[in-house]
């Protein structure tokens, strides 16, 4: 796999949407909020576990709408997950799937495919599996950046209030999202001070530039491990290893990029 | 319960923090991201279910640090939840508890109590239960606002891409947080286009003003149901009913406030 | 609390039954077996967690029908659990509650109360909460025996096949059930080589006799810790401590009975 | 696929064992029983979900020792499940895998492979994956019988006590196990009045004979759907369809056998 990420490499994304969820939450009267919170987070954990057995990775996004990187996961796999949810939850899910050169374009195709099948709050639309496109194995490519905030525990968690830390992490998210979306990259909060960015097509230089600009603008310093492979799981793992590498060097570097062949290197090493 | 919310009414908040979580996630090598996502969301669902049996409400916040409104939940209850997590997860949790007139002050006391017991990434600190203060039953008061975006399904979900909707919801969150924190109120994303704001001490007029300012600044229209009772569950439910009331009136109102006695009204009606 | 267990002490039991479950599992066609297994075990875990926050203990029994010891858990508590399940599962549950001097009589009252409200496979009967009787705090008493097989790991798990061990454990269960039911006591498998027997009204001498008879008949040696308190959780814990006590003495004793005041002894010790 | 099941068709079984579980449950003092029950049932649900994504089927067995039919599931798949459990539970699991002409022989090979690696309560043995043998795709064959009790709801659930029904179901299980094990077949309780029997090598005539003998001996009438395919999921589904077929004929038949080609028939029909 070459360093050039502007090839024909394709990322596949799936939009997972609870059918007619809003109306359900208030029928016949508003359902207990704690129950809805449990339902949503268990549904997320559940689809995560199922996509993860095939090396996919799901982001909770808005919970009633989740986005996942699903290279290598086919129609039958998607159908089986829908069936499994229908059998165990009071709600059903519809999905749209799209493949493109950038994550933004891929989720756009996935969204349009699903929107064509009916509205999110249509009582008629149920358990749609709308596939715009799937990535062929030989074109499969996922670039994933794991971005975190430098020294958040020492600089925030242990000294300011829990909500203030939360506020600053959310502020960082807002600024990262704003910058990355311009480059066709997505950004998801994954807990703590961590963000994961599917970012096919984004060059390391551009990512470094974005991190610098945010530091200048809001005085929050990030670093990023970037992983590249043919699936979400391995790319996320390589991104994690990249972050560890930067930490080992006392955060002197801002970016560390690792390619798929590095995994072989580890297994053999 | 009078309309005046600037009395001696107190809200109790609990900070729930995974002990030494950051280091654990990368020991001995980075753990699979999908597993961490499942662990975090199941832990949230789990503590939610346990606090909810006593009418508390937990917000996922940063997942490794969660904030909860816990009026009516005592030391023994907190201890039993810690024990339950220790017995079923590979990690343990520490907690800080604080009571104050505003949610911001309450979580601040909770945070400080826990910080005094050691750092979040200290290998020594484990399963601390640091109680700064608990609310007495006669002082117990929770004001909760359920805020959502007007017509998000028609104006966003069904016409723009899933990530663009997510981006706009996050933008709204950032602006709401920024304004509310100045008033001592907190804001948490609870999925979809919904936010929950523990907001003791915030007047309906100030909340309406904030919503108007945000509409002018970023062109996103919100509405809010506000509930008031002596516990988180009932206040959240009253807030939901308030929202429904506004929807029934075609979103002509921006705010609808309901007090605890409204619940009796429903049960008897 | 005196040693005499034939007083006015009462145990409370709840029957938890999935409404109209059989027909649902094959509608419109048989649902995937793995999904049903997951649904059933997660439902059990879920009601367990909710009853456990109030010191109850649920046994999986037949999964679609579960029995629980619920001393100290009132009507409102039961209702909240039903609501919570309705909001998060594709099925609903009905419950019957009964109180009596023996567990057998208590579950009989609970069963009859529910049967009167309609059949388990009636499409009309839904979310019934049929309370025959609740135990008053001053009468509340739970005697629980934790019974296991001596040295099962060395004598079975590590030398015979997994299924043969399973077969022998099931055989032991069948014989224990047969003997205990004659004394008004129940028996539930709780995993491994462990059984839990709610057994108000059973004397230690009778339990010892049963264990000896089974040893003679099928050559399987059991031991039992017996706990007594006013709730299921503490009695089960005292029973566990009793078993540990017997193990510490190299299984010389067959029975060890511990009363509630032993808990204070530990906490103060 | 011919009707003759005495060919070279092979079934693959996996023994899943919690490492050093017994000692863990009482260290440093006995852990709360409700927590252990939740841990065990959630672990079962979790491995079920993961094996199920590859068409396997897990039986809870003794919970600390589970048996699964795993045709088509390879070494890497097993390893990934072990890793996933290690990352989210306070315990780890070891596995043994064996393939043979009968389920009994397959689980025997799986057990022996794991026993060779160390005892179930050895503190040294951890996360072993001991593979005796895997089934080749061309030899893969699973015969599964879904056995239930005729009219259990009308004859038991709705008229006798919940525990008496449970007692009779357990009695039926004990007798079915005793007879089936002689033929190299296994039997697992799967809830309600249902049993699942992996039974490669058992002829329909022998199964019918066993059901008749049990009716004569203990006056409990069973029926059985039998499914045959190259994986656990499809065989269990065919067995379910077989049971439905018998029910449609008012239980006149005792056995109904369906082969894999019947699935195509449905999909095309």
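We call the chains A, B, C and D, going by the order they appear; numbering starts again at 1 in every chain.
By our rule, a residue touches a chain if its C-beta (ideal position, glycine included) is under 8 Å from a C-beta of that chain, and two chains touch if they have at least 3 such contacts.
Here the structure is a predicted model, which means the values were calculated and not measured.
Novice: Name, by label, each chain that touches both members of the pair subunit A and subunit B.
Specialist: C, D
Novice: For subunit A and subunit D, let me know how many angstrom lie between their CA-based centres, rounded off.
Specialist: 36
Novice: Quick one: subunit A and subunit C, Cα centre-to-centre, how many Å?
Specialist: 43
Novice: How many angstrom lie between the CA centroids of subunit C and subunit D, rounded to a whole number?
Specialist: Roughly 24 Å, centre to centre.
Novice: Give the residues of subunit C touching no fewer than two other chains, as numbers and ranges.
Specialist: 32, 35-36, 38, 42, 49, 52, 84 - these are the residues of subunit C that touch more than one other chain.
Novice: Graph of touching chains, which shape: line, ring, star, complete, other?
Specialist: The chain contacts form a complete graph, every chain touching every other.
Novice: Flag every residue of subunit C that touches subunit D in the complex, lowest number first.
Specialist: Spelled out, the residues of subunit C in touch with subunit D are 15, 17, 21-22, 26, 29-30, 32-38, 40-42, 44-45, 48-49, 51-52, 56-58, 60-65, 67, 104, 107-108, 110-112, 115, 119-121, 153-154, 157-163, 165-167, 169-171, 173-174, 177-178, 181, 186, 190-193, 196, 233, 236-237, 240-241, 243-244.
Novice: In their shared complex, at which residues does subunit C touch subunit B?
Specialist: Checking each residue of subunit C against subunit B gives 46, 49-50, 52-54, 77, 80, 84.
Novice: Could you list, by residue number, the parts of subunit A that touch subunit C in their complex?
Specialist: Its residues touching subunit C are 31-32, 35-36, 38-39, 42, 83-84, 86-90.
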